[in-house]
Amino acid sequence: MTNISQTNPVLDVKNLAVTLTIYGRPVPVVTNVSFQVRAGEAVALVGESGCGKTMTARAIIGLPPDGARVGGSIQLEGRELTTLSKKDRRKLGGSRIGFIFQEPMTSLHPTLTVGAQLCDTLRTHLDLGRKEARDRAAQLLDRVGIPRATAMLDSYIHQLSGGMRQRVMIALAVSCKPALIIADEPTTALDVTIQAQVLDLLKEMRSELGLAMLYITHDLEVVSDFCDRAVVMYAGDIVEEGPVASILTAPHHHYTRGLIGAIPAHDEDRKRLTLIKGQVPPLGAWPAGCRFAPRCPRADEVCLKHPALEPFEESAVRCWHPVELKKKETSTLG
Amino acid sequence: MVKQTTASSPLLQVEDLGKTFGQKPPVQAVRGVNFSIAQGQTFGLVGESGSGKSTTGRLVLRLLEPSAGRVLFRGNDLGKLGKKELRQERRHMQMIFQDPYGSLNRWMSIRETLEEPLLVHGLLDPAGRKQRVETLLNEVGLPKAALDKYPHEFSGGQRQRIAIARALVTEPELIVADEPVSALDVSVQAQVLNLLLNLQESHKMTLLFISHDLRVVEFMCDQIAVMYLGQIMELGPRKAIYRTPQHPYTRALLDSIPGRGKKELPRLKGEIPSPSAIPPGCPFNTRCPLAFDRCFREQPALYELSPGHVSACHLAEAEGQPQGRPNNIAMSPGTGA
Amino acid sequence: MGKYIRRRLLHALPTIFIPLVLVFFLLRLAPGDPAVQILGDNATPEQIAALRTQLGLDQPLPIQFLLWLKGLFTLQLGDSLFFHKPVLELIPAYAAVTLQLTFFALVIAMVIGLSAGIAASLLRGKILDRGIIGVMVFSISLPEFWLALVLIFVFAVTLRWFPVAGYVSFDEGVWASLATLVLPALAIGVRQAALLTRMTRSAMLDVLDEPYVTTARAQGLPEATVIGRYTLRTAAVPVVTVIGLSVSYLLSGAVAIELIFSLPGMGKLLVDAVSRRDYPVVEGSVLTIAVTLVVVNLIVDLVYAWLDPRIRLK
Amino acid sequence: MSLEQSDNLVVEQAQTLDSGEVELPAAVQPWTTWKRLRRNFTAVFSIGILVILTVCALAAPLLTNNAPLTIDPVHRLRAPGVEGHLFGTDYLGRDVFAIVLFGGRTTLVVGLLVTAISMVIAAVLGLLSGFYPKVDAVLMRVVDGFMSFPSIVLATAAAGYFGPSVATVILALTIVLIWPSLRIVRGSALVARELLMVEAGRSVGVPESRILWKYVFPIVRAPILVQTSFIFSAAVLGEAALSFIGLGVDSKTVSWGSALTEARNYIQNAWWIAVFPGIALVLTILALNLLGDALRDILDPRLARR
Amino acid sequence: GDSATATPPAATTAAAGSTPAAGAATTAAAGSTTAAGAATTASAVKRGGDLKIAVSALPAQVDPVVSTLGTQWLIATQVCEGLFATDDNYAPQPMLAESSSYDPNGPTFTVKLRTGVKFQDGSTMTADDVVASLQRYAGSAGTGAILKGLVKEIKATDASTVVMSLNQQTGIIPALLTLTPAVIMSKASINGANSSTPVANPVCTGPYKVTDYKPDQQAVLTRFENYTSRTDPTNGAAGAKPAPADRIIIVPQSESSVRRDSLLTGSVDIATGLPFDFYDALNSNSAVKPVIIKDNQSLTMVFNTKQGPTANVKLRQAIYYALDMDPIMQAAIGNPNFYSIDPSWYPFPNAIWHSTSGADNFGKSNPDKVKQLLADSGYKGETLRWLTSKDNFNEWYLPAQTVQQQLDKYGIKVDLQLMPAATVAQKRTDPANFEIFSSFLPAYPDPTLIPYLQSTFPGFWTNSTKDDLVKKLQTTSDQSQRVEIWNQLHALLYQEFPYIKFGTEAAFSAVGKNVMGYSTSPANASVFYNISPGK
């Protein structure tokens, strides 16, 4: 929270809470999530499966699942979104916020051509004629590195390879030059080589358009040379937040530490990985205090109380016993 | 009759293995693959999606009929075994699948699941089976109470443990693990990887480990083969592959590992071609940043760079010895187009 | 595409041939003698025997079968034993009635089914949705002949809006013709409408849950576009299946309705012909129905291909 | 006649399965099915109706002193409640209450047997077809052939051979209703065949017969179960339809379908003859359809919202 | 041949007529009509308009010769005429014949034709047309065979005289020629067609001609304006034919409730063949008039007299004396208005052939006699297989069921075997298949035409006395002698019981309130050409 730029945040989320109704019972999925994304900044939202990353993103774009209740405040470029009418809010999607989904195969329409989908968005938000929109769409495809862009406008998504599909998805997200891009695990389904290509493209788009970006991932390493800050989530909570470099090399939360230790290190003789014991508690069965306490090596009675997200060194940590920086040198990280 | 292997010969030997699916157009999933795995070793197969890793794994276990080549397991040609003999042989070779949700029969309790291989192979008496199943469950770190539960009552990591226990229950000599941790979260992945290492040591088993995650392969394997379009591009001991990779493809792969940007080569362009339309010459020629005219004409042979380290690249010709067997694909039908 | 159609038709040959062979043997092995049916019971055994010879029924079954096969391949289906007319001349008039009925029933089913299904899916869980589901399940549970009699009582006898029964062909007056078809079309259309509602609703719900619909919404497209352009077309694929099935059902399944409303359609022709043992007519009808079904299925497949480029571009 | 179109859903399901785009019900677990069933109001409600109707049919002799076939022409067309006839009497002076009770026996037995026989045959053939491509190629042509065969011809032929009887009706309906179910089972089996767990079983060395029985059958069980209730209702409706065109059960037997058919001339002047068996019939089919929908929700989360 | 489907007046084709009460109402309403009993006069009815009639089914074609099924003659009855026609009492009257006479010395039967009678194609009828038609009829199945048996040769001696040389003396030819298949068609239209090939467009002399014919949709009959009517008064099918309606439109409606509803909504003027239970509702509806055609047909059971237990006459007698007819008829028909307990095998009381001879105390059971006869018969409780069908519910199934109940009291076991009517018709041809089958029997213009009396009729009753009597009946031309012979035959039936009659059933139709001129006689219930829609 200290070394980020001082511009106004593009996205300012405060105390976001999402509660789902499962079998008629309200079940919290996201609680107390607050973070900011500034112009030109990329923030990684990291966490294991089911910790509420996607839910957070969907709450931000105003498309939570049926029957979900969303609490807290979401401000985009200073405008409060939660009080906007449904229609006005809808208009922001595609124009001010671009969204990139995890699975381009299912997130793009199977029976509309790539061009049609692009033109739909373009013509919804920009005052463009049919022809102009098509030209624009071709430019966009060209920009995201799709060869023979004009011809590709008439192709269907199933005719494209995985990487191409994700490029189309990116083209769609940036088509109206939004202020913010939310990318939900955009490379998880891709091969490493393609992942690298897509990340390169995202990087380019970001600098070219001055985008703020919220990058959702479960793999910290993916974002290490890409994001400025990382927000680590665990069981619906933010447990740690700070500059990526510092989180990767000197995590303060025991959970973050565990996550990093679990990544097989390069060029070392086989030795066992550091483990987080146990598993993520299922929805609706979160412990009352610190949600990580049952798996935490440092847990004690204090941890029966829910800790707050407190600034700690250059980050913010939700932990009663944060790991101190000095001890880090001896940690297992390479 | 199934012969016993002698200690010195490799446990598994794969010779010119090829597999073509379908006819119009034929999908050449695996072409002329050769490797062998010594007892107790972990052999890694890496490559992009569609490079033929899983198919190779299945061919090894003869869950698929190869279109070409043969698999020698414990010195026996699996292709020569009858249906029944093959089924019996299966107790010595088992598989762990990527998807722990799909690979367990969800209508069978954990006890049934684990006892089934023993049952169908007629091993042990009921008491012995019970005993064995309980021991194994303990070894993979699950409580005894788990026995009478059903797969859905477990998390992904736990299910993968169960799948591992099932693979081990007949004390097989070879286990083919097809992306056993790809579906798991990092923290759980670490647990399972540690478990696999422990078990391999205690059971002295041989592992064919398939993964697309170079970090995991590096962590697990002694020998690594990099596959591309059904062929082995480079094969060698772990250190050789990771420290001195020769093949541009291997190097590109290593460059793509997130967060380790040392970048020797420019980014790979484009994507892996379809295995039904494999480019002539070196299959990698469409994407290789170092490709030159020969690559488009001529299929490179496998060159030995150092003992056990081979690469199928024309650029390796200068450094290495051509290996006895050229890495050619003559044995897989449908090539040459 | 042409090749595809040819292959489909080739595949369809057994679909046509099996029912024909089946009907040949079923009819001839079942008791009941067409000669008796034609001459009436006052005929003497000699007269019946003479007629059997004339009709070729005295030949051994395998010979009859071979002759019949030969006729089939030369499209000589023979004359109706009862109407004394070539089957191929007889059937078109009946088929026309059934086709009209099918068409109207289908229009009713589609108008009700599609709109109710779409409305229900968009209001999922709301009162209207539940109401639609209730009416739909109820409609599925009504025997058609029962509904037909109730419709006659209410709309023909009490309200006198439509004629009770009978058939007026188009050339005798379009409106009169339509009026005679309204009640029968309703009687069978309601059930089809209910089935269609169910399918449309579930297909819509499936599609509405698809990530690409979320994408469309996230891109800020107006809801009308999201539903009209991004949802309906993909939801239509399973719905077309059901429509195809409805058509195939209506083509031969409306017997009771045709009997009640005295419509000279294929169902009535078939029932009468079967009970009269009018072999050529039964065989001709079965052939007609089977061929029509093949055509319907082909059309359904072509519609699929039109709706879904994944099929088209394979 | 609704017997041909056993139920659109049936085939519609089959087609989705055919196209292979169905992911298998992740949450189909026998041990949770019962729990979910109990929690599902529609399911409990419809099972309740079916149980009540079944009990009434079984206990028919205890509930009424009247035999359903006793003709009493002197007391024809008595209104409900008159002379101790709870539901009145029909045009032959038979007690409508008794007809409804005893007719339920026939109708439910027809429904039950048709469902049981056709489902067993469909299950066996469907499994084989889904698992052995050679069987499949032949069987699917046969299925197509049968499905384009007008069931009326079949029913008439059956009635011709065996005379009208409950058994004939069962036979005719069974033959008609096997095919859509078969396609559903086959569809599931085709999906099941490709399942990882089946390959996993093979890799362990499980023999093919055990794979079929222990791995594949449990998967097709869920669609079979759902299908069962739809087939049941199709059979009940089919019996009524057959009665209507004069191919129903013989008149030594009463059934709801035959009662309704015989009542068709009396809708206007003796409504009770038509209305009470009608209510019983509609209620049964309603309950079966609701149950089918509920089972679908329970067994197949993908279809849960239908 | 079974009576069930045999002749024009069969239940299924029933038509118009009026009860005396309803007839009176008509008189009052129309103001000009005098309805005397069953017949109405031609001059009284109003001309013009379309007469629409709902029947259960239309015949497959107009030509009546190709089928012995009475239902198949419906259209020919309206558009064609024979040499003779029945009046309302089943008596044959000349129609196209001017006069006729038997000549015992030949023997021959000579018919003088009316002259100047026009066919519907405008040509004039000649003896050649008659010869061609009758020869074709003689070659047809059923009653045609009777003519063939009687006649050596049919020839035209001049343009208006036809002479039949007979094999023997007979008195039945005029009656035989009242039957619809014996109608006269122009030779040109027959065009050489044999008896089993239908004439596509028969050209006849009737008062209406077919202008549109779609067997499953409608028959449109348009008045033949050049019709050459007789001048004697209308009586049933005989006499003058006023043809009051411009068109007669007959529509097939297989559901009886639909026929009723069509009538109630005014879309048809006449609904035929209605269930008796509709009576009360129709009777109380002022827009329509119910029409009961009394004494339409006998309900019967027929025994296998060739083999099995029922070949024993004692058992048949025992069964007869075990039966109470009224409950049987009551169960079958329901409403006493619609049946009568009448032993006559010729069910129409006004006909000269009506007979009670031999039937003592008909309709009441006689338990003592039953026991005696059963003991004599040596019946050992064999199960009697009774072929019946639900297709003819009221006529076949219900009587059978009541009879079964009644016989059960005496330990006579009946197994009711239900099957489609078509199957019954086939099964009963083999005596090994049954002991009893259900049947019914209308009146015929002549007793010799009753199919039951032929020994080929299933039941296979062969009896030399019967054969002699039938032969005598055929070869006698004196009417009063013939009645006497018929009475003897009737008495024989009540000794031998090859079949048992339960009672006589009426038929039931209903007409719109303005409809005039319909007949309530079963002889002409399906004759529509004298009826006026009254609109």
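All chains are identified by letter, namely A, B, C, D and E, in their written order; residue positions are counted from 1 within each chain.
Quick note on the criterion: contacts are C-beta pairs under 8 Å (C-beta built on N, C-alpha and C of every residue); 3 or more make two chains touch, one makes a residue touch a chain.
Since we're looking at a predicted model, the values are computed, not measured.
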Going by the stated contact rule, which chains contact subunit A and subunit E alike? C
Can you name the chain that lies farthest from subunit A, using the mean of each chain's Cα atoms as its centre? E
Interface ranked first by C-beta contact pairs: C-D
Averaging C-alpha coordinates per chain, one finds the centres of subunit B and subunit E separated by a number of Å equal to 91
Subunit B-subunit C separation of Cα centroids, rounded to whole Å: 55
With chain centres defined as C-alpha means, what is the inter-centre distance between subunit B and subunit D in Å? 50
Roughly how many whole angstrom separate the Cα centroids of subunit C and subunit E? 40
On subunit E, where are the residues touching two or more other chains? 255, 257, 420, 422-423
Find every residue in subunit D that makes contact with two or more other chains and list them. 160, 264, 267-268
Which residues of subunit A are in contact with two or more other chains? none
So which chains end up touching which? A-B, A-C, B-D, C-D, C-E, D-E
Subunit E contact footprint on subunit D (complex, rising order): 71, 73-74, 76-77, 91-92, 159-160, 163-165, 246, 250-252, 264-270
In their shared complex, at which residues does subunit D touch subunit B? 26-32, 195-197, 199-207, 210, 214-215, 218
Can you check the complex and tell me which residues of subunit A touch subunit C? 61, 63, 66, 90-95, 97, 99, 101, 103, 106-112, 117, 120-121, 124-125, 156, 158-159, 172
Residues of subunit D touching subunit C in the complex: 1-5, 7-9, 11-12, 15-16, 141-142, 144-154, 156-157, 160-161, 233, 237, 240-241, 244-245, 257, 260-261, 264, 267-268, 278, 281-283, 285-286, 289-290, 293, 302-303, 305-306
Hey, which residues of subunit C end up touching subunit A in the complex? 124-125, 210-212, 214-223, 225, 229-230, 233-234, 307-310, 313
